[in-house]
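Look at the two complexes coming up: chain A is in both, with chain B in one and chain C in the other.
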Partner chain A sequence: MNGFTGFLLRRIAGAVFVLLALSVVVYAVFYVAPGNVAQIVCGERCSPQQVALVHDKLGLDDPLYLQYGHFVQGIFAGRDFSSGTGVVHCSAPCLGQSYRTDEQVTDLILGKLPVTGSLVIGAFALWLLIGVGTGVLSAWKRGGVVERLLTWLTLAGTSTPVFVIGLLLIIILCSTLQWLPFPQYVPFTDNPEQWFWGLLLPWFSLALIESAKYARLTRSSMLETLAEDHVRTFRAYGLTERAIVGRHALRGAVAPVIALSALDAGTMFGSAVLTETLFGIPGIGRQLVESVRTVDLPVVVGVVLTTGFFVVLANAVADVLYAMADRRVVLS
Partner chain B sequence: MTPVPAGAPLVEVADLHVSFGDVRAVDGLSFTLEPGAALGVVGESGSGKSASAYALLGLHRGTGARVSGAIRVGGVDVVAASDAELRSLRGGLAAMVFQDPLSSLDPYYTIGDQIAEVYRVHKGGSRRAARARAITVLDRVGIPDAARKSRSRPHEFSGGMRQRALIAMALACEPRLLIADEPTTALDVTVQAQILDLLHDLRRDTGLGLLLVTHDVGVAAESVDEVLVMRAGREVERGPVGSVLASPRESYTKALLSAVPRLSPSPGTEAAGAPPRTPFAPERRSSSNAGRAEDAAEPSTDRATGPAWPAVAEGAEPSPARGAGNCATSHARSAAVPSPRRGSGRGGVGEEPAAGEGLVMEAVGLRKRFGRGRAAFDAVDGVDLHVRRGETLGIVGESGSGKTTLGRMLVGLLEPSAGRVTRTGDVQMVFQDPVSSLNPRRSIGESVADPLRAAGERDDTRIRARVAELLARVGLDPDRYDSYPHEFSGGQRQRVGIARALAAEPKLIVCDEPVSALDVTTQAQVTELLAELQRELGLALVFVAHDLAVVRQVSDRVAVMRQGRIVEEGEVDVVYGEPKDPYTRQLLAAVPSLDPALAAVRRAARREGAEAAVA
Partner chain C sequence: MRHTSISSGNVARAAAIAVVLAVGAVACGPEDSGAKSAGSAASGTPQKGGTLSVLNNEAQTDFDPARLYTSGGGNVPSLVFRTLTTRKRASGAEGTKVVPDLATDTGRPNADATVWTYTLKDGLKYEDGSPITTADIKYGIERSFAAELSGGAPYLRDWLVGGAKYTGPYKDGGKGLDSIETPDAKTIVFHLNKPEGEFPFLATQTQFAPVPKAKDNGTKYEEHPVSSGPYKVVKNENDGEHLVLERNPNWSEATDPERKAYPDTIDVRSGLDQAVINQRLSASQGPDAAAVTTDTNLGPAELAKVTSDKQLAARVGTGHFGYTNYIAFNPNVKPFDNPKVRQAIAYAVDRSSAVNAVGGSSLAEPATTFLPNQKAFGYTPYDPFPAGASGNADKAKELLKEAGYADGLTVTLTHSNAKGGPKGPEVATALQDALKKAGITVKLQGLEGNDYNDTVASTKKEPGFFLRGWGADWPSGGPFLAPIFDGRQIVQDGANFNTGFLNDPSVNNEIDEINKLTDLAAAAPRWGALDKKIGEQAVVVPLFHPVYKRLVGKDVKNVVISDWTGVLDISQVAVK
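Let's look at the complex of A and B:
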């Protein structure tokens, strides 16, 4: 697997480069943005002396490149922060320290990751199931009643804002029918069963939004592979339609689905904020919105980098899966 | 398997109709095929030959095509059979081999698994037994080290190996009928010969009936006992292959046969004593009007065109008759136009150095490397060649020989890794696929005008006038500036491609497989057009092709390429008549002959050669 190792190394190098570029952009945007960071961090009632103190403590007098250098150093080697009274060490990978709470960003994010992870992974599985299933059915049984119903449902799901779907689901299933408890996030490690029931509605809401896209993609991709010559070959050799669709057409059709879904899953880590807010899930998306509002630069940069990391990671995973599914793809 | 009454024909087709919407693809076809016999269905594109073959396996079911008539294959009534009966017929009693062996196999599964899957559908049994059967049939079709190769995926096989694998799949369940739809069209000529030999051996050894669908009369001559010529969904002529090819009764068959390019110089031409290519010598053309007059007085030298063409006209190529007419009239209209332009343009013909030494292109030490490091290979590996004014240089080679890469470097579409190309004057290119080399979303006039605009012409009236002139020049209706590519047939699109190449008034046009996507009759028209343009405009042509016969027909000199090198180069008559390089000899020996008796002799010779090579 020499080629594979090389491929992996190249991917990692590329990912690091992308992430660094991303952090530069986020840094730059925030410093160009108007407003006095120290004033905001300190609060409106601070005296100019206090603001100056905060300014000093945050190291805002240092040139921009130096601040950024400290930041990068923290990621790879760790760094120290003055807490006013003493020195706090932040070990690598250190994403900095929140301006507002002095909490370390790495810890903050690590605390939120399982929450958003739970949401994204479950929703991901569901949207693939619903989307690919609908797509395959609608390509195979074009014009059937089931196909129309499913297509209509997924389309309706996508075109309805998550607030509406989520609220409807809560009202109907939790309030009127009382089939489900009101959604509430319980960590998996505390109680797996409650974790599952609490996340069921968020999963569905998020998955419905995504699934129509996948249904369409799978459908067109299926129609394409069903028209391919090798499908004709197996038809001419007496295979059943089920074997042709299930074994030969689907395998070719899922490749673009894999690629896109990996990208979506990665992005979802930072952008499931609506679902998180609606269902009261304390995830990364909500953290990001909160930090942007309070100009908590280190947290924003940390979250953006983390999200970026997942997108890049998901992409690399998709590439490998793609290559494993289709041996003609050379990893290069 | 369904028992077949003894003595009954293997295939019985009576009054078969297949229509797609309003198009009658097959229009009242009847034929029978006895067990173990071989029938060739020959026709041009759109003749309904493939639609007929597909109907034998009921493959039109569920596609929206309407099928009527009686089809019995091995005793199964295909039209009335249930889906399950049909499935057991397909691959069990009758198996099909398709044109493109790469796309006809599933890229995601190993060859062995695919064959095993087909075997288990019909015969059941364990996976292990099915895998063993797969290896047996792969071995039978001559795949070396079949057990190991059965674990490869299609893309790891060469074209010929893939077609062997597909034939192995066909053999897996011991069918009694093999339907081969253009089985060798996507293959190189030497590989084609091997596959045809394999089919021949299989028939001899297993008593397999063969229905061979092909556009290539030579392939049919090599492989079948009886031939059925189809046109517009109907039978034109049917009979023993020898007699149909040697003495066709119908005018269409005659026209079809006369359009097939031959390896040998046309006997008619030689008898008439007309030197085949010399009329295009440079000195004759320097006084262009005189040259044109002579050309007019001396119509096509190589092919019998004139009266035969109207008879050949068919749906796919709507107006060959009108096209030919246009060609003739457009001479008069456009004859005067190119010469003054050429004179006032970039150095007219007369300013060239002495005739004979008038090189329009010279390539020295040309090399093109693709890839890096260990994966690097030289697609073109040290090629020297030159093209003189007004001559045609044929570059012939099999796939992977580097001929296309070479052609692209000559035009300047690819930068050589080493060596240099010297061009005098503009060089243009005509591409293989007239469908994909034109932008479907732009009118053909816009496409033809591209080189004019690129040269700085801004005046729309002048552009339109010039494009109309060019369209007329290549035998198209000059008023079709605003038509889109899909409105044209394949041959017409290739004419558009040629018009586009002419727009820049090149000295040299490099044609990369310009006719390989076209039917033979259309092919003949396009090569005729090229020859005519050459006569009248003094163009030099580089004609890159895999088809040895076509290259012979159009070229003055020929270069034979193999693995990036030119193995032999010289005057066509010399290279084809007395080939010196063993590869050239091998290539020429592999070209199907139109004479079945000669084909049998050649097959025996190939077999001896193969055995000698093994020994």
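Let's look at the complex of A and C:
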């Protein structure tokens, strides 16, 4: 347990460092990026005088290091913003306020987490099911028609962009056959049934894209395990092939799969943008793209930090899961 | 600019036009001859009741009357915000007229149109039942000057006495803007810097909606703005991504002849993929049967389907919003300082291939005039450099020879990287091909969104030869010609739209003269004549006017598309 506590502390310290470094990089990149945010916020027909007022109101007249200082201060101590008629307090951890919409970034991200979270969780379950399932089957039925068919299908799924596969699924299942409602995000807390049906196609599309990777990984990992000495021993004992594959080999083969999938799930928080866009899911990835387009720095930093946090978290979880699945691994 | 805004003036953001325009704004166009006017998808007399869904791509962000940039008060905004005047809710050209809304008439000017007086109708109430007063309209306009609530059109700042220096009610110590007087609760008087015969058009914008000072909470006001219109906001999620509007029981139909307000509830959902919007409207299942879109044109697949499917074709609304896409020259950059070079390019352009590049003849019409091809703008047909449908390479070569480029010429065309957009790479490539036939080698320079907008609007970085678009703030020649061709509107240190740096005293004077006219019917032909005169200088080459083609669900009735906005007017639609 001691080793585990140490592992945890080191990971947390590392994570804080990584996230701070990320925020510095984003600030620096935006400083040189094209686009005058005050003009964008003010509107194209704003006079230079009005743009200057907006520039000042957004705090952009301060030197960059001071702007960054305010940002860090907000995270630990909170900040106050003017609403014109009064003061709006943004309590710690305050990631600032959107330049464009005046929404508090922390609220904005907290509002979008359940959305992207819903998408990622379902897709994650499906891609493991499809990926590991086909991987195991094709390792088991190696060289046969089934393997070739499965390999072909998963590869086709992976190599087709989501806006093609997703749109095809929508046209076939929702428009032509009318088996499913058109995808739409409904919060789980509003209506769990509509949440499920509304997300089914997005889950499936995202899972198809990811699953080939897992199928290939599971297959090669399975083949490796199946070739190991202890499996040969099991065979010699006369265990059925089904028991060997399903019980013994899978356990050994699944460790790298779990590690990789935890990582992918973490990354997916910021990178499911195409899926979110096609299916009209108001998630984090889409927010990021929109904010970059409008040079809305506080939101971009907030989103990057959030997705960065999930990637770091996923890494740690992957390490732990890997160690649990494979006792030979020591956390350090 | 905030894309929210939609509309019109925005000009520059062309790429988004199709999308954007609609949202907020409003515009509606005429309909096509065949399908028509009242002609909606479903037949029968429109009834009250039901829920209308609006399926959009761009969100209705910043739902605050001070911040919205609309043409004629917007489409969704106009359901919640009534203004002193509004656009007439009628199909086609009739819909380009300005009519009274909160006021009893469209405004009473003094002799030289520098003072405009309005009187409110009786019995006007907010959603909470309290009376609407002119002090609230004055306050609503003053708010739009605050840096916290920026985003609206520039006219109030430019036209009102003292507007250029006013910084809004949060910083004026309660003094307000002196050029807006409210002698009593029903009268409001505006004092302008110079004659502005088109003031009634400006008074359609959402800045002229009343805002009760006691309810103003600054940047938070957009979450629940106080309604003066037939609907009130009951839900506003994610800055306008999902808006739910319900009937405002204190709206009086008797005071509002324009808005029909048939549905009980209007559900506006944005952030949807355009292909998915078209699939949903086309399938028209369940609640989608009572759905419309105000910002998504038919895609190529649906356009093809419409030609063979009569039932679907009956559900397509066609509209024309006043917008022109054009080639802009910077005469300070060689060789575009030479009028012969500009004229040669004007002769060489292939408008049919440019039209094809944006989706073909059902989504754009070739343009030889800068003004949109509608009477309200003062449209006067002219074609000073007749290029025919596909370009006149011989004439172009001749002019190049006269200009000293007998052996051809190499130039760079700057365009936006927004694929499929009216300023995008497809249009640029079409021009490249056409100019090649005239011996002009065109190199293409594509820029990303913000970079493109900044570059072409900067007097310091402006390229010599690029693609641009301009839309109507209201259906008249004034807001179409003045920002682009009035030499006093060249903006040195900000966003500049007079990209040709035209500063011709005779043009500037004529703009001032026409602005003195309060008889808009008399003003229109003079705008047309001015357009023709400017066109001969070849500082821009008009390419095409976009056309909107949008589907509605099968239960949607009473589709009204005016030439003011080009899209169906939500206030007229019925779903029962």
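As a convention for this text, the second predicted complex is superposed on the first by the 327 of 332 C-alpha atoms of A that agree within 3 Å, B and C clash if a C-alpha of one lies under 4 Å from a C-alpha of the other, contacts with A are read in each partner's own complex, and residues count from 1 in each chain.
Simple rule for what comes next: a residue touches a chain if its C-beta (ideal position, glycine included) is under 8 Å from a C-beta of that chain, and two chains touch if they have at least 3 such contacts.
Predicted model, so just to flag it, every value in this text is computed and none were measured.
Participant: Touching A:Trp127, do we find chain B (first), chain C (second), both, or neither?
Facilitator: neither
Participant: Compare chain B and chain C by how many residues of chain A each one touches, and report the one with more.
Facilitator: Residues of chain A touched, chain B against chain C: more for C.
Participant: On the A-aligned overlay, A:His230 touches which partner chain: chain B = first, chain C = second, or both, or neither?
Facilitator: first
Participant: Does the superposition put A:Phe71 against chain B (first), chain C (second), both, or neither?
Facilitator: neither
Participant: Considering only touches as defined above, state whether A:Pro48 meets chain B (first), chain C (second), both or neither.
Facilitator: second
Participant: Answer with first, second, both or neither: which of chain B and chain C does A:Phe310 touch in the superposed model?
Facilitator: A:Phe310 contacts neither chain B nor chain C.
Participant: Which partner does A:Thr240 contact after superposing on A: first (chain B), second (chain C), both, neither?
Facilitator: A:Thr240 sits against chain B, while chain C stays out of touch.
Participant: Of the partners chain B and chain C, which touch A:Arg251 in the superposed model: first, second, both, neither?
Facilitator: Touch partner of A:Arg251: chain B, not chain C.
Participant: State whether A:Tyr99 touches chain B only (first), chain C only (second), both chains, or neither.
Facilitator: Neither chain B nor chain C is touched by A:Tyr99.
Participant: Quick check on my understanding: which residues of chain A belong to both its chain B contact set and its chain C contact set?
Facilitator: Shared contact residues on chain A: none.
Participant: Please give the residue numbers of chain A that touch chain C in the complex, ascending.
Facilitator: 34-36, 39-51, 53-54, 56-57, 82-86, 88, 100-103, 108, 111, 163, 167, 170-171, 174-175, 178, 181-184, 277-280, 282, 286, 293-295
Participant: Spell out the residues on chain A that touch chain B in their complex, using ranges where they run on.
Facilitator: For chain A paired with chain B, touching residues are 228-230, 232-240, 243, 247-248, 251-252, 325-328.
Participant: Which stretch or stretches of chain C touch chain A in the complex?
Facilitator: Where chain C meets chain A, its residues are 1-2, 5, 9-13, 61-62, 69, 143, 146-154, 157, 164, 167-168, 170, 216-220, 238-239, 241, 269, 271-273, 275-276, 279-280, 282-283, 285-286, 288, 448-451, 453-454, 457, 483, 491-495.
Participant: Going by the contact rule at the top, pick out the chain B residues touching chain A in the complex.
Facilitator: Where chain B meets chain A, its residues are 57, 59, 86-92, 95-96, 98, 100, 103-109, 117-118, 121-122, 153, 155, 166, 169.
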